[in-house]
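One chain, chain A, links the two complexes that follow: it is found with chain B in the first and with chain C in the second.
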Partner chain A sequence: MTSIVEASDMRRRRRHFIDRTMTGVMVGAAVVGVIPLVLILFYLLKEGIPGLSLSLFTEDPNRPGLPGGGVRNSIVGSAIMVTVATLIGVPIAVGCGIFLSEFGQNRLGTVLRFLVDVLAGIPSITIGLFIYGLMVVTRGEFTGFAGGLALSILFLPIVARITEEMMLLVPRSLREASLALGAPSWMTTLRVVVPTALPGIATGVMLALSRIAGEAAPLLFTALGNQFFSTDLFHAMDALPLRIFVYAVGPYDYWHDQAWAMSLILVTFILVVSLIVRAVIGTRVTVRS
Partner chain B sequence: MRVARVRWWKAALLTLAIASLALIVVACGGNDSSDEATPADGTATTAGGLATNIGKDDRAQITGAGATFPAPIYQAWFDDYNKKVAKGVQVNYQSIGSGGGIQQFTEKTVDFGASDAPMSDAELAKATDAVHIPMVLGSVVLTYNVSGVNTPLKFDGDTIAKIYMGTIKKWNDPAIAALNSGMKLPDADIQVVYRSDGSGTTFVWTDYLSSVSADWKSKVGTSKNPSWPVGQGGKGNEGVTTAVKQTPNAIGYVELNYAIANKLAFADIKNKAGKFITPSIDATSAAAAGVTIPDDYRVSIVNASGEGAYPIASFTYLLVHKDTQSCDKQKPLVNMLWWVFHDKNANETAKSLNYAPLPATLQPKVDATLKTLTCNGQPILPKG
Partner chain C sequence: MVLDSEPRTAVDVTGETGTQSFQFQPQNALKAPAGPEVREEPGDVALRAEHVHAYYGQKLAVGDVSMEIYARKITALIGPSGCGKSTYIRCFNRMHEFTPHARVEGHIYLEGTDIYDPNVDATRVRQRIGMVFQKPNPFPTMSIEQNVAAGLRFTNIRNRSEIRDRVETALKQAALWDEVKGDLKKPGIALSGGQQQRLCIARAIAVEPEVVLMDEPCSALDPIATLKIEDLMYGLAERFTIVIVTHNLQQAARVSDWTGFMLAGEDGVGRLVEYRPTQDMFTNPREDRTEAYITGRFG
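Now for the complex of A and B:
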């Protein structure tokens, strides 16, 4: 009798041991996964805060070798080009997503879905070179518009696929109810499905925004950069990632400080957007339940 | 409940939109500060029969791109010109590398290019109207990381070539010891570091080694990106600096202005006249004074013959079109170049950023070149 009890006791302890060990390993993996993020944020705060100042936002770069000045031209340039990318990207991407979810259950849809996925996988530097060949060489000028266009191509597949996913999440019963009440298919899509999926689509747009705001590669051969303040879309334009790239490898210490501060500004922007996205996703789940 | 929730995220979006709008407004509002810069501080003096600020009423947005090495001085000059002389002229310069500068200039995506190495004959064949304007001089220094060495080490070209060929392997090699008598150098392997990215700095470096070592010339040659016999690579000046700092007994080469700004140790190099020269701005300028300069300025000035000439130096060039169909950009550009070469503060600006100005003896030649530039077939600067 006792031997049976002992045996089952041993098995139980073994199970517990394995359970605890594996839980420990998983927790360890999770911690290791988060360490880089924590270290990056810590290091960014440590290096970035000393370079932060109001003049960073309100002044243009001083001439090299003269400490001080700001990166107003880069912040405004980034804002303009991201806005251009959004204005170009949203209608196309959302339209593409609507087609894929509502009318894409056929061969054309499958091909299109595949192509959008391929587009999402193209390196951003390649997209920059494509726009360079398409717009910069032919027009003979580097322009902020070309930069915005390159960013919009990055933006497109992300928003298109998220729009599709979000619209597929809308319950079938809602569509059926609308159709049963006599609404045509287009009205059902535009007045019922899209509004229901709108928080999700907005989430996708913001995710894509935070993705493209930090891209330097597609701007190198399109917007080029500009040490002067310029809001002219048809001239060279500056952007935060471009200026970080130049300042980080430059010879002056105050450039390095400002590069860190700019990185902090970018990451803060992305963090704020992510928090808003979380809030929006939270909303969507409540609405559906 | 549903209505309230939906409003919440709409409010979040609205907040984001307002915040970004506010940021733009605030940023744009600061515009006034830059406009209050003091106007021409004595720039109206005449030079070569012309006022230095002849372009003060020009209006243009001009874009140039190219070499990374001179980017700080170009941006400093162009910024000064915008703030002190011609408020309507914004000359934007971006560093994309010498190769990129020649490429974009040839493709005509920029109004002017810039390169540390002169254009080759093959490159000129694709851009036949290219004119080289030498702007400043740069030099390359030998930096090292040897513990216990406090005074600058001394090297000659042959020894450096042998180190970079891998035939001199140890710090206590007799060849190095002979140049540095009285110094205790370790019995350790020399860790050679080179630039892994194609660069004008490497071009000057290998150009120098080719001129002092027949062995180097035949086996490796002059190139922006040669196949290195020995050593490890570092990307850019900062990559080489980091590699040298972190590797005991390492040796590498960086630009003089980078070495000064980052307080690196660098070696004295024996020049053609047999003198050991400490790299400096004046010694770099002196290198251009002892060489006969051809009309297109495409000349190597390594191993120059002057007494005080630092032997590893080069011009860095602006590439402009000899003639353009429109005067909108060419005229302000040429007027600005005239200012750069004649404003009394421009040379001081260069020196303060550790760039070596052209020697005064070369100035009349550059003036003559500037006067050959035209737009629509019409000369921009008056003759004489």
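Now for the complex of A and C:
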């Protein structure tokens, strides 16, 4: 009797030891994973806050070398091009994702899925070059629209695949419930599956939006950048990442400060967008990215 | 009668000619009746299955089942798990064919029309033959009211006051109205499991189908929620024809008028062994296998 008790006691201790060790390892890994994010945010705040000012949002760049001025043109340009990309990208990408999940269990679906994955893997600078050849060379002008289009190509595969995954996560039982009520399958898709997947799809759109908002490469040969304020989609347009690039490698200290401040603005924008989405749709959906 | 004119063999179960108690010819040999029979008037036929075979790919899951489902009666399908009850009941509203590679052979007549006729629109069939599933599955994005109205919206009923009336009627028939009338705008998934299942029943009957199929509707519920559903089924049977799959023999005995016993053979093919008025079935099973099952000797 006693020996059995001792053995089980020892085993229990052993189990507790393993349990605690493994928990410790997991917590450690999580902490290590979060460290870069914390460091980036910390550094960004430290370097970015000195450059922040109201004039950054209300004024356009001064003549190079003359301290002061702002980046209103870049903020507005980014907003316009990201909006264009979203307007073009959402219908195509969501439609594509819905197609893949609902009608994509065949050869056509497999091919399309493969193409979408290839598209996701194409370097963003290549996409910029492609649009350059397609629109800029032929029309002889760098345009904000070309920039928005390049961003939309970046946006497309991300949202298409997230949409597909979110649609596939909708339990089969809900589709069956709808079909059993006599709803045709297209109606089941539109009225039951898409609404159920919508929070996930919206989160995917936001994810893609924050991804493209920070991209400089696709805009280099499409929107080009513009030190003057412009809302004309058919002329060169500025964007925050482009201006960050120019200022960060430029010779003036106030440019460096403004570059940090712009980075802080971008990251804050992304954080705020994510938080708003979370607040609106609730916190039940978690996106694997 | 809505039936077609094809002659059928009437089985005279009592030996008294001319007073056939039900018109069903099981494929297997019948044992001689062992006692006085309980008379159950079959009445009108709501659904008539003829030689239904259900396949998953090459695998035959349900083999050659023929039976008549009587209108405004509760018909229970019992049998050990895996014997094909779910597969079979899903043939009645053409849900079986949604499983990839699944198909059905045979005929099921609804008012004289074969629902497996190539010209028949499966969505129409499902509007007339509703279904309640094993796990409650209210639409998570919809309120209680929207859930019940879902089928109406799908079938293009737009009139608001009509929808409101039918939602109320359906919720009352599903014995849920008193519990939810104050918060029809609340999400359907906020309800308890038993309430969710009654919500699904309300959703199924709101479109006023002729038949309601229920596949183990209580197996995910506690005994009290189960009793509530059994209670409301009697009321439903005044208006609807009900087919219920259950693995709970007491439930079949309590609620049903007719009981079909299914069993998978050595070959893994589920067949209908016996189909009779419930009371006969439970007091006086004709087949040894039925008796073995209902006395708990296997399954």
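Assume the second predicted complex is superposed on the first by the 240 of 289 C-alpha atoms of A that agree within 3 Å, B and C clash if a C-alpha of one lies under 4 Å from a C-alpha of the other, contacts with A are read in each partner's own complex, and residues count from 1 in each chain.
FYI, contacts are C-beta pairs under 8 Å (C-beta built on N, C-alpha and C of every residue); 3 or more make two chains touch, one makes a residue touch a chain.
Just so it is clear, the structure is predicted and the values come from calculations on it, not from any experiment.
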item	value
Touching partner for A:T222 - first (chain B), second (chain C), both, neither	neither
Partner chain(s) touched by A:S78 [first = chain B, second = chain C, both, neither]	neither
First (chain B), second (chain C), both or neither touched by A:V136	first
Which superposed partner A:G182 touches (first chain B, second chain C, both, neither)	second
Which of chain B and chain C A:V192 touches, first, second, both or neither	second
Touched partner set for A:F57, first chain B, second chain C, both or neither	first
In the superposition, chain B vs chain C on chain A residues touched	B
Contact set on chain B toward chain A in their complex	1-2, 5-6, 8-9, 12-13, 16, 20, 23-24, 26-31, 33-34, 61, 63, 65, 71-73, 75-76, 78-80, 82, 90, 92-96, 107-110, 236-238, 257-258, 261-262, 352-353
Complex contact set, residues of chain A against chain B	57-60, 62-66, 72, 75-76, 79, 136-137, 140-142, 199, 202, 206, 220, 224-232, 235-236, 246, 249-252, 272-273, 276, 279-280, 283, 286-287
Residue ranges of chain C in contact with chain A within the complex	93, 95, 98, 100, 123-128, 130-131, 133, 135, 137-141, 150-151, 153-155, 200, 203-204, 207
In the complex with chain C, residue positions of chain A that touch it	105, 171, 173-174, 176-184, 187, 191-192, 195-196, 198
